[in-house]
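In what follows, a single structure is set out as structure tokens and then discussed.
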Amino acid sequence: MTHDLALTTVVGNPKRLSRTLTTAEALAAAIGAGVGTEPRTTSIDLAELYLDGIEPPHGGFEHAVGQIRAGRVLVVGTPVYKASYTGLLKLFLDQLPPHALEGVVAVPVTVAASAEHRLLADLHLRPVLAELGASLPVPSLTLRESELPDLPEHLRVWAEAHTPALEAALAFGRKTVGAAA
Amino acid sequence: MTHDLALTTVVGNPKRLSRTLTTAEALAAAIGAGVGTEPRTTSIDLAELYLDGIEPPHGGFEHAVGQIRAGRVLVVGTPVYKASYTGLLKLFLDQLPPHALEGVVAVPVTVAASAEHRLLADLHLRPVLAELGASLPVPSLTLRESELPDLPEHLRVWAEAHTPALEAALAFGRKTVGAAA
Amino acid sequence: MTHDLALTTVVGNPKRLSRTLTTAEALAAAIGAGVGTEPRTTSIDLAELYLDGIEPPHGGFEHAVGQIRAGRVLVVGTPVYKASYTGLLKLFLDQLPPHALEGVVAVPVTVAASAEHRLLADLHLRPVLAELGASLPVPSLTLRESELPDLPEHLRVWAEAHTPALEAALAFGRKTVGAAA
Amino acid sequence: MTHDLALTTVVGNPKRLSRTLTTAEALAAAIGAGVGTEPRTTSIDLAELYLDGIEPPHGGFEHAVGQIRAGRVLVVGTPVYKASYTGLLKLFLDQLPPHALEGVVAVPVTVAASAEHRLLADLHLRPVLAELGASLPVPSLTLRESELPDLPEHLRVWAEAHTPALEAALAFGRKTVGAAA
């Protein structure tokens, strides 16, 4: 029997291919590995999605929503800008239909330039994700830029502390592939 | 095999025997019933605990901490005062040792006089409970005073929506009584 | 002697020519009238500015920053989306240089669909504006959509309560035109 | 002509005669000196006020409210406890009548153990003070414990940046003593 866990990463750094993106993807990979499944991961770089305007052309937005809906876990990455999450991330969340994240386990990851700002994006982001219906069973990963060179160690500590609770949350309602076989 | 689920209720209404207290106790009972166990519930009325001063005498504080630590679920009740949770509730949370709520699933319940203030106590309370290490897997129950006469119906709707996720969170790490028999 | 007060309005509704825009412009006009000057007002509709991408072409962003810097008062309008201010507004604020609003008196105006959400955008927006260096001497105007038909009355009540404090804040450092004549 | 400026300090550290208290009193003194008046300052140590219970006996609460009402400036001091202001401070604010701080210019001062928590108490406290009707025209003084040995320098920098705006806010509605003479 194979657990078919789909993880989606969405990142609101207005710079394409940002360190926030690679950090969020690394967290998604660590979660996938931690819950002992064969995870399938996809990644949405909002700097790409909104390159040509706040109304993405060519069905790009609908495609992104489909990716999120296909996943059980959504890793939401943002740098801390002006004492909160980025506007680019919120622009995308604003366009989601109500309750779009119901049934989705969300895990925020934030990257701040200064210690003072380390907790601010998370503090404001979690109520927004909750408003969209996401489940937030574990603490966010909040990093300072100066900690990024030690990312593997930070991921290891975070995963050790929070994978069991995450696994429990995911066990609830998980669709198993091949169960009928 | 019997699931031995202990639920604790702590309420920060400065008026003893408040409607917030009975509301929080009703939520604890609904959760206990919902997860299909033989729940044991205890209740801490902070207006009682702090009756004689902000340093409760006679080991009252240590007794309350023991009750919380013995429980898997902590229902945290507060009216909305001055656009947030009450100072009395925070006074108690301030006195808890760091990480005091690790391993505890917390469910806030707030009661507001006006619709405008309905979400405010919850918005500020959840980060405080998270700071103490609590797991917050489900949305809070946020009520207006005018909704209290229909409390059973509000509890039913809340429990129907959130008991499965709560059960999953509790399954993780639950100690079973009689498992060795 | 003429007081030359410049007011700028910036609105983060992703729909062009929104009711949020007309509401914010009406507030700017009321403030201008209230402080007894000959106000000059300009208005930035972010739905226009970001029509072609999150990096506005043709110097549009620099032009907007110049308008804000030329003003003493900045009326900041946003609908309440997903329990906070809009991402479009924050996208613009993110792109401002640090301390860009120093010396600017900011007055937020928010429009919410429901009473429960009436205070949420303001609660999160004020710290962001403060981070940018803005002075926030008076309470925001927070409206529900259902109150918009009575906007003149709401403006009158707000202006009566807060114009004196606003005038005092503006008196500090106001440049007078024609003083040398 | 003498400007009769009354400043009140209220401090929510549950430890009597705390460093938060001396810090807040030093800020009040710096503000008094900065606005060039003959300030009269009084100080309320909430650890004293609530020594015997959350309902202070002997009219202590009414006396404290009278002191606040007699002042134009209220310096509000709190350590950062559990990621926010203290419950003791909020306990006092909860007991104030609605709009109790109307006409009062409030200046928060917070002291945090860690850089990560430096901004958190302020972020949550300002909306509470605003709800009570206070005017908050200038940024708070947010300090880390490790910065307290350099308090005079921090006060100097803060006062240099914010005294002019504070003075403008106080000029509005200031009662002058001896004006009729």
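Order as written gives the chain letters A, B, C and D; numbering starts at 1 within each chain.
One rule holds for everything that comes next: a residue touches a chain if its C-beta (ideal position, glycine included) is under 8 Å from a C-beta of that chain, and two chains touch if they have at least 3 such contacts.
Chain by chain, the UniProt names read as follows: A, B, C, D = NAD(P)H-dependent oxidoreductase.
Values in this document were obtained by computation on a predicted structure and should not be read as measured data.
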item	value
Equivalent of B-D within the choices A-C, B-C or A-D, defined by over half of its residue contact pairs recurring	A-C
Furthest chain, CA centroid comparison against chain A	D
Fitting chain A to chain C on CA atoms, where both chains share a sequence, rotation angle to nearest 5 degrees	180
Averaged-CA centre spacing for the pair chain C and chain A, given as whole angstrom	32
Interchain centroid distance [CA atoms averaged], chain B/chain C, Å	40
Rounded Å distance, chain A centre to chain B centre (Cα mean)	28
Multi-chain contact residues (two or more partners), chain D	83, 123, 127
Residues on chain D engaged by chain A in the complex (per definition of touch)	83, 114-120, 123
List of chain B residues in touch with chain D within their complex	14, 47, 50-54, 81-94, 96, 124, 127-128, 131-132
In the complex, chain D residues that touch chain C	123, 126-127, 130, 135-139, 164-165, 167-169, 171-173
